[in-house]
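By written order: A, B, C and D. Residues from 1 in each chain.
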Amino acid sequence: MIRSELGRSDADHVYVRGFDLAQDLMGHLDLGGMAFLEIVGRRPEPGEAIVFNAMLVALVEHGITPSVIAARVTAYGAPESLQGAVAAGLLGLGSTFVGTIEGSAHMLDAAYGTSNAPIATEAELDAMADAIVADFRARRAPIPGLGHPIHREADPRTTRLFALAQAHGFDGRYVALMRAVARRAAVAYGKPLPLNATGAIGALACELGIPAQVARGLGVIARSVGLVGHLLEESRAPISRDLWVYAESEAERSRP
Amino acid sequence: MIRSELGRSDADHVYVRGFDLAQDLMGHLDLGGMAFLEIVGRRPEPGEAIVFNAMLVALVEHGITPSVIAARVTAYGAPESLQGAVAAGLLGLGSTFVGTIEGSAHMLDAAYGTSNAPIATEAELDAMADAIVADFRARRAPIPGLGHPIHREADPRTTRLFALAQAHGFDGRYVALMRAVARRAAVAYGKPLPLNATGAIGALACELGIPAQVARGLGVIARSVGLVGHLLEESRAPISRDLWVYAESEAERSRP
Amino acid sequence: MIRSELGRSDADHVYVRGFDLAQDLMGHLDLGGMAFLEIVGRRPEPGEAIVFNAMLVALVEHGITPSVIAARVTAYGAPESLQGAVAAGLLGLGSTFVGTIEGSAHMLDAAYGTSNAPIATEAELDAMADAIVADFRARRAPIPGLGHPIHREADPRTTRLFALAQAHGFDGRYVALMRAVARRAAVAYGKPLPLNATGAIGALACELGIPAQVARGLGVIARSVGLVGHLLEESRAPISRDLWVYAESEAERSRP
Amino acid sequence: MIRSELGRSDADHVYVRGFDLAQDLMGHLDLGGMAFLEIVGRRPEPGEAIVFNAMLVALVEHGITPSVIAARVTAYGAPESLQGAVAAGLLGLGSTFVGTIEGSAHMLDAAYGTSNAPIATEAELDAMADAIVADFRARRAPIPGLGHPIHREADPRTTRLFALAQAHGFDGRYVALMRAVARRAAVAYGKPLPLNATGAIGALACELGIPAQVARGLGVIARSVGLVGHLLEESRAPISRDLWVYAESEAERSRP
């Protein structure tokens, strides 16, 4: 059956999840709130709106990443198709980068299962965390949400996100477990493994009731904002041609 | 030269356009405000934030559009790649649909050229509009931002956007000219040609100083939000298989 | 280090894997042979060229699939960007459809491991196949390469591919094991599970020495050919608008 | 009406343009021939097959281009999604690069209009070419199919393509006019403007009866082959991380 509860329209109205788009949403809700409505199915409470927007804002921009490179060189070849360049940039948001939001949300979800238990004691959290760490080590898989090539001690976005979560009452059991995983993983691996922004956002997605299977979507939404910014800059101060020349000349230089 | 003024980071900070992301932006700016910062280069004033967010909110959701169909059937084939399904949905945001935001912004920009003239008299606006309409008619090209298959009398999003623009002081010369174009086109073509949401947003992009070449990007950002919502719904109440079966059976039925 | 052995060029030549593109390849190699050169690193022998081209030809066209729908509705929104419409169509070639080429190739590779054993006895093949079937059943995962919604008894492409493979000496141990898996799975599940084209192609990819991690790429290459065909037809006899109208009217009809 | 003449299937057959895929096409047609069938609607004659395959083979590989960079950095972020990385690479095949195939085909088509005139005299060709060159100069638009950053004197692929075309009887009026355009443009601009591969292929597409609106599709098909080759190499000898590090360190170095 073809059915959707998201949107419909008639000659004089557009309805989104039962709200009149023009009268009830436009002018009342910011874009982050609208994303919350689309995903969670209701408008956010004020505290939710602040934390949820901060999660999205955290992911918008991180300099010239591989995703940004893909978008910019695509615009070099097809400057007439902004949507194509943004799409190219989004296509790299897989398992290596923002897929870890989804990975950490799934990891935390699985740990609690169908239980509704509140935050456990420190010792219980550590035991849950140790089990998670041991499982990933046994599979030689990286723990999603830990580690960062630049923010080696602490990811400043994580610190801020958890402070906002605390201020608005969202530092619940998922945040506690994610913190415990980072703490115990550092012990197990014998090196600092900072909880990065995607891990923090995965935990907060769980706190806000955002399904793990679209947690990656938060990164997709946020990065689409950042990519439009980079494509505007590329149209004014292009870097694609220099990247191309560098790659070709390096490839030529390294020929046997 | 490879250079960017958007973002950079060191071990303890991420900077976006000179702001400390964690301290100055997260918790202070919503996602729409962050998009404004990326594109315009400064944080929005309160009135700008309301109008700009409303422009984005207006474009998030419009039911099961071709873009939504592309995203949903893509998820049917590759459910493991949310980013791929969103990208597929964005790729249709070309000349037929949201490209008209860019088209109307370019049209209005070109009409004023480098002049900084304030709003002209009604008669002068009509003369400018008549010249625009005549030009498009001569080229047999549709005027961007006019007409809608469902909202045949008036697009409710346009009405709301212009009310918000007026309330916050953004109903300037671009809005005035866009209105005049719709009015004069209706006369020239002898039928109602309502100013649709993309035309209104194109005019407001000009008012807010958003470059025409990224005006289409507003639609790309907003639709990425809506597509994530549809992909979550598709994972719970799929429509792709029914669409496929319908298409194949119709194709079989219509064979000569 | 940035290095590539695929292509390079100077003022008067383009070289591909050491061959002079213009003199050695153009006019001598067909597109399938060129794909073989890119992937395997040498030009195909005559028999390899026939089997490899047949594998690609088998995947070009299968009517109005979800991938075709994605491409066509994308072209409706952005008719100016053929590459975007093809990209949208390719994005659905994930785990549900052609990803099964990769899945079956991995499955067969894993079964033989690093052994170079020739074809085993029927009994040994059945034992290997039973182990594979039991493993997928235990994980409640579908066996890649088996089953087809339309070709319920036998996939005609598989029959033809294996006949060509036999005629040219490529019906080795991977084909034998894949056949055994289909046979034993039918017994285990108590229903016919025909070996479909992607399973046959996964097995033949192993026979030809094509790495499993790009086996999915054969489908990507072949479908790009089919999608261009469908986009040309869409520009002449469009179906996108009818699909859109159907989806919207069905969604309206099924509202509670 | 939803209707397609490309493909359909029943339990025992797949039909493509009326042919039985398994019996009539697989094993008889190479991938280039299958592309010809999809686009032109009939199987190619032997000479057509050679020229058409050469056109495709010419476009498969040209080293580490922007399109290849986009595909490779996308695979770095989403290694699990080969189809996404290929799609990212294809999205840059716009107006700057292979869009010129379409551009030159349109240019030549428009010059002859609906006339069926055979090849004109040298003087008539020069006059047609001069009109084309003057038109592009007046619009300050680059002439599609002319010029190459590396092959500054002559593109070796063009030389070979036209030799094959001559050998098989396809050096007709479109090839003649394209050559004349290159010759007259060099005079008008006072510098060598070699006829590049996309210009030659645009002319040959016209000779073979391939509609200009899908001429760009030939590049899309061919590049999908090359991209799969590069993605296999990237999985073995990655360059993406080095490109990222270079871009970020250059951006840091050039900060004011």
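Basically, a residue touches a chain if its C-beta (ideal position, glycine included) is under 8 Å from a C-beta of that chain, and two chains touch if they have at least 3 such contacts.
Since the model is a prediction, treat every value here as computed from it, not as a measurement.
Undergrad: So if I look at the partners of chain A and the partners of chain B, which chains show up in both lists?
TA: C, D
Undergrad: For the chain pairs B-C and A-C, which is connected through the larger number of C-beta pairs in contact?
TA: B-C
Undergrad: What is the chain whose Cα centre is as far as it gets from that of chain A?
TA: When every chain centre is compared against chain A, the largest gap points to D.
Undergrad: How many Å are there between the centre of chain A and the centre of chain C, using C-alpha atoms for each centre?
TA: So the centre of chain A lies 32 Å away from the centre of chain C.
Undergrad: State, to the nearest whole Å, the distance from the C-alpha centre of chain C to the C-alpha centre of chain D.
TA: 24
Undergrad: Express in whole angstrom the distance between the two chain centres, defined as the mean CA positions of chain B and chain C.
TA: Using C-alpha averages as centres, the distance is 38 Å.
Undergrad: Multi-chain contacts only, two chains or more: what residues does chain D have there?
TA: 1-4, 8, 63-64, 78, 80-81, 83-84, 87-88, 91-94, 239, 242-243, 247, 250-251
Undergrad: With touch defined as at the start, can you tell me which chain D residues reach chain A in the complex?
TA: Touch residues, chain D against chain A: 63-67, 69-70, 73-81, 84-85, 87-88, 91-97, 99, 239-240, 242-244, 246-248, 250-251.
Undergrad: With touch defined as at the start, can you tell me which chain B residues reach chain A in the complex?
TA: Within the complex, chain B contacts chain A at residues 1-14, 16, 21-23, 25-27, 29-35, 38-39, 49-50, 53-54, 56-58, 60-64, 81-84, 86-88, 90-94, 98, 102, 150-154, 156-157, 159-161, 164, 211, 213-214, 216-218, 220-222, 224-226, 228-233, 235, 237, 239, 242-243.
Undergrad: Give the list of chain B residues in touch with chain D in this complex.
TA: 1-4, 8, 78, 80-81, 83-84, 87, 91, 247, 250-252, 254-255
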